[in-house]
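Encoded as structure tokens, the structure appears first; notes follow it.
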Amino acid sequence: MTNRGGGFSRSGGRSPSDLRPVTIELDAMKFAEGSALIGCGDTRVLCSASIERRVPPFLVGKGQGWLTAEYAMLPRATLTRSRREVSRGRPSGRTAEIQRLIGRSLRSAVNLKKLPEVTIAVDCDVIQADGGTRTASITGAYVALACALAGWADRKTVPERLLKDSVAAVSVGVVDGEAVLDLNAAEDNGAEVDMNFVMTGSGRFVEVQGTAEKQPFSAEQLSRLIGLAQTGIERILEIQQRVLREWRAPS
Amino acid sequence: MTNRGGGFSRSGGRSPSDLRPVTIELDAMKFAEGSALIGCGDTRVLCSASIERRVPPFLVGKGQGWLTAEYAMLPRATLTRSRREVSRGRPSGRTAEIQRLIGRSLRSAVNLKKLPEVTIAVDCDVIQADGGTRTASITGAYVALACALAGWADRKTVPERLLKDSVAAVSVGVVDGEAVLDLNAAEDNGAEVDMNFVMTGSGRFVEVQGTAEKQPFSAEQLSRLIGLAQTGIERILEIQQRVLREWRAPS
Amino acid sequence: MTNRGGGFSRSGGRSPSDLRPVTIELDAMKFAEGSALIGCGDTRVLCSASIERRVPPFLVGKGQGWLTAEYAMLPRATLTRSRREVSRGRPSGRTAEIQRLIGRSLRSAVNLKKLPEVTIAVDCDVIQADGGTRTASITGAYVALACALAGWADRKTVPERLLKDSVAAVSVGVVDGEAVLDLNAAEDNGAEVDMNFVMTGSGRFVEVQGTAEKQPFSAEQLSRLIGLAQTGIERILEIQQRVLREWRAPS
Amino acid sequence: MTNRGGGFSRSGGRSPSDLRPVTIELDAMKFAEGSALIGCGDTRVLCSASIERRVPPFLVGKGQGWLTAEYAMLPRATLTRSRREVSRGRPSGRTAEIQRLIGRSLRSAVNLKKLPEVTIAVDCDVIQADGGTRTASITGAYVALACALAGWADRKTVPERLLKDSVAAVSVGVVDGEAVLDLNAAEDNGAEVDMNFVMTGSGRFVEVQGTAEKQPFSAEQLSRLIGLAQTGIERILEIQQRVLREWRAPS
Amino acid sequence: MTNRGGGFSRSGGRSPSDLRPVTIELDAMKFAEGSALIGCGDTRVLCSASIERRVPPFLVGKGQGWLTAEYAMLPRATLTRSRREVSRGRPSGRTAEIQRLIGRSLRSAVNLKKLPEVTIAVDCDVIQADGGTRTASITGAYVALACALAGWADRKTVPERLLKDSVAAVSVGVVDGEAVLDLNAAEDNGAEVDMNFVMTGSGRFVEVQGTAEKQPFSAEQLSRLIGLAQTGIERILEIQQRVLREWRAPS
Amino acid sequence: MTNRGGGFSRSGGRSPSDLRPVTIELDAMKFAEGSALIGCGDTRVLCSASIERRVPPFLVGKGQGWLTAEYAMLPRATLTRSRREVSRGRPSGRTAEIQRLIGRSLRSAVNLKKLPEVTIAVDCDVIQADGGTRTASITGAYVALACALAGWADRKTVPERLLKDSVAAVSVGVVDGEAVLDLNAAEDNGAEVDMNFVMTGSGRFVEVQGTAEKQPFSAEQLSRLIGLAQTGIERILEIQQRVLREWRAPS
């Protein structure tokens, strides 16, 4: 990425507030209750939602459900191969952090108290990684989750009492001093500030995470990044709804 | 599967010596030196070959290369979700066994002494599992390997001195007393005998693994299974060659 | 905590924008290059900064230094005893997340390129936990770090070229619908929204982490929480500076 | 081993189809329900069968028994000392593979459905390793198992309904182009092909495992190796029966 | 430490049979049922006793209680920073040994059969380490335990039926050929013999552990060390009693 | 064991100061530099000493040698089967403690400074456990070590400069109020006090470890146990010397 003259240029001719193309293919995994293959530019994540007849120990007998999330990358999802986490015996700190983020984000969309004693196990496996894998995971997993609940409850109708709201996520950052939306890996590596936002369909925040990778940021920059994330997520929420409508249509 | 009257019926109307449809999509992963998405019926494995500038300690300074293989299943590749191996801290015995099998099989095709000091890291990640995942992994990984070596050596020509032979694999078994080729998961679960064969393009055996799951088998049955595997692998080897020819054609 | 009439009451008669009393005792550990025992209300964290003559592999020979952070709680720091992490074989996801946060926060204050090839190992051990342990850790660790660098460089003068800025942290949240500063454990458990902020002495953001524990929050609430954090951190930064001035005075 | 002129020479003057001397000492461990110290040439394995009043979770309440097997080598069983597996935290891939092989082989001999809810825990500990430790383990463990079941059921009579068949194993291989039976460690290291066979007393196959260590093998070679294994195992089965007859005699 | 002329000199002007100053601060941890911060010279250990409503599996339903102990050092308790044990995945051999010693010692003081089905979890965390951390842990943990039982049973009166006896510990050793009491770290590093004794208030031995670090010791030396330990422990037992009396007084 | 009238009876008619029969078979493992199978009553331990051309990191380049020890039990060495330690991922606290004891004891006999840069790896594997396995391990390992050093240095002559002294060990205890020598498992389970002593050929103490398993012991009892251990170890030292003399004789 280069910053020539007064302008700013991103690969693919994107403007600072452009998303990369978002594609969502539903029912990407034959056996899962719900699944989706999401693409955000070259980032691709296979998301599934499995409904399991068990709850964690702290919920046994409480008459409600639970949702957990796991995240992993194939070793060669990245530019250079990374070591498989099982070979070092445990998820890295980064993986642990992302799994917790995905889980919290999706739980905010589900009415756990209205579920029976089941656990929805969400799996997000990154097939190809070009930046924004955690936010793509949340966006894709929400759709897989909606399919799983629809199919499981009474075929194709997402029961409102189970799914309180929709949820989507996006990354924003400061690159070469400019606030930009939806960073790819090259932009992410050079970013001064890196933020991830998760928001609901009703326009409220679920998660806000910002890190000054290279230098601290001002209150004004923070405010601009918040605005950028809001408009980006609005567009992603629309794509989710369109895809789910089309999926329901044929039946 | 049922066995009515004198006949024998397999799902999809297969005869005992029929393979399931084999599909191979090359360059399925953008960043890998070589990659392939192989489908054998509903089984789907994403295979990649990464060339890394290092060798294991026992080969440092020996002036040759090495090849390792890793195998994993996505948690929801299967009918019911299985636990991620990283969460139990180490590969299962089954995974260890399969990884060793894939590694040995592919090493038999490569002329390691003619490689420079690099390690070819083969990754086989099962996206969907409907039986025969280890043999599909070997068949798909061979093609990913051939692409990686071709691209790496001098673009699109697989150098003979690096790749001694081709390699493919298939499963056979005894189901309801009958020897059958290429078992799917339902057949595999009910099989009395389960065998995996790995063979070279020159018609020789690399690996033979047979297990009496339900009851021991006779020398005559063993001989019939060997024959079935030979004809199955011949057809798979042809598919591999055709796919590689087409991949090379455009350049 | 209760919410009677139009008002809002916090334990100790705190108003929503009041910090709990902050105490910092320097040189709390005899052997460490720098150390501090920080108290924020009933939360107490023992922080040390150790200077070690080594750098991680990725920095060997690069002529610069590094900083790492580790965080742990004594088993009985909490209301009920929690299991020692060594007995489950690895840090929990929560611990991994906090360690990464502390490390990133402190690295933003240090001029790593101006350090020789040393690693500053920061340890934050929670002796007593009553909410806000991660933010107290950052605030206390910064002071321990400043002492270590002062003592190590040329006795009692914090060299500016090594320490670019100061750093402090605080938690804010939404409790019973009201935005409050510096939550204790009881408030934290009931909070609808929980945020942690890390800022520099020059008034810029290093880390922003917000989570809707119970229900998503609006842009307006987010803005109010940011303001509350800014004023809280300003006061904490002053306490840090005063403590460091007094420590330097006698020599 | 050398290959002079038209002939072929093995250590101890063995012909290609000769077994090494097999010795079996029963009741080698005072406390085990059944035990045997088996020697195959310089290979020595201590095998025990323990009957435990528990079944694995998947069999609880199913009214049947189970059998598991574990395998290990003393660190100095080998020419040079090998590291104890406990110190690397888990069984190696090789150990996992061998344990699974021994377990499957012995389960094929036992009528698990006729056992009460017990687990027979088979332990094979290699005291001295000179090739063929996995096949010696299977052969020895079968005898330990027969003793345990005899002693446990009604003193010295092996109840036919519990033990369906006997089981023994042997290794074969291609060395210097020649098919040979029962390889020692020196032969094994130089072998082009290495196979392990497990067969029942009724002459049927339980396990067939062949690996082209140096070069792939032809269908004709495979057929010769199968024949060699059959005659070898027949002789070993006789030794097992003789030893068990003598053990029963005194009572 | 130096040994000049006929005399012997220890840091702080101690004679060979002098203890370092012992300080015990009760209720050092707000949430624990019982706690104490013990100082022996520069060694400082935070001890807590937590009463948990569970017993280990082997005692379930037996109508009695249990006591376990855990021991750890903060990374920078020592002169140079030591690695956190959680990062190597398990307690070191040294830690395991010390935990077992503390547990056995304290169990000898408690009437486990008279406890209800609870586990007293004792935690000893070394804040600063200057020799004798395991013996200080035992001495301090006993007092924490007495407070926990007093507070738990019926406020401030230690019930005799629960606490059979008191327990304290001390280290002795041979330094420069001379038997000395209560070694600090510098003395310990140079000691020829290192012993730890645990005794009861009634003057009997609970644990005796002696190791010839540099050279074996005679029966006569052993006898002198035993005597030195007896007098040292007597004095420590008195301090424990005084501290407990004062703690009880105000109520 | 029973205690009738004024007398005291031990299994096998032993008096309180009788050892169980001690047998030592040298060269019990074909490949080890030195090895011994020691039997003390029904306790049997296979000990080997391996000489490895490496030293631990802290001794590299120091021009001296080192000695380490490992200890394990076969799962069915005991009355009921115990779980293999590799399956729980690490040595138990008990194992860690015993390994450290054996290592320290043997290091006291070897002149490590006179060794070249080698590590002597001692392995003690308990084949059968009937009490006193750690002391039998030390006694047996010393003989294996002497053989290894003799064979390695200049054939059959134990070089005095390498082996400073001999070392042997025994257990004593208080059973039914009486001090007894060399407890078997049944006695050990019922013992009030359990002690292990390690002594040199020159009559000095290397290790003293005593634990009040059931009730604390008096200074007088301690003195009686010390005497009993001294006479027991003297007899064991003689057996070691006789066995080594006979081993050397033929050559």
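We call the chains A, B, C, D, E and F, going by the order they appear; numbering starts again at 1 in every chain.
In the analysis below, contacts are C-beta pairs under 8 Å (C-beta built on N, C-alpha and C of every residue); 3 or more make two chains touch, one makes a residue touch a chain.
None of the values given here were measured: they were computed from a predicted structure.
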item	value
Chain C to chain F, fewest steps along touching chains	2
Interface copy of A-C among A-B, E-F or D-F, judged by whether over half of the contact pairs recur	E-F
Farthest chain (mean CA position) relative to chain A	F
Classification of the chain A:chain B interface as same or different, half of numbers criterion	same
Inter-centroid spacing, chain D versus chain B (mean Cα positions, whole Å)	29
Whole-Å gap separating chain B and chain E, where each centre is the average of the chain's CA atoms	60
Interchain centroid distance [CA atoms averaged], chain A/chain D, Å	52
Whole-Å gap separating chain C and chain E, where each centre is the average of the chain's CA atoms	33
Per-residue overlap in chain A, given as positions that touch at least 2 other chains	89-91
Pairwise touch network: line, ring, star, complete, or other	ring
Neighbour-by-neighbour ring order, given that chain A leads and chain B comes next	A, B, D, F, E, C
Residue numbers on chain A that touch chain C, as the complex places them	89-94, 96-97, 99-100, 104, 108, 165, 195, 199-200, 202-212, 215-219, 222, 226, 230
Touching residues (chain side chain C, partner chain E) in the complex	29-32, 35, 42, 46, 48, 50, 52, 70, 72, 74-81, 84-87, 89-91, 121, 123, 125, 127-128
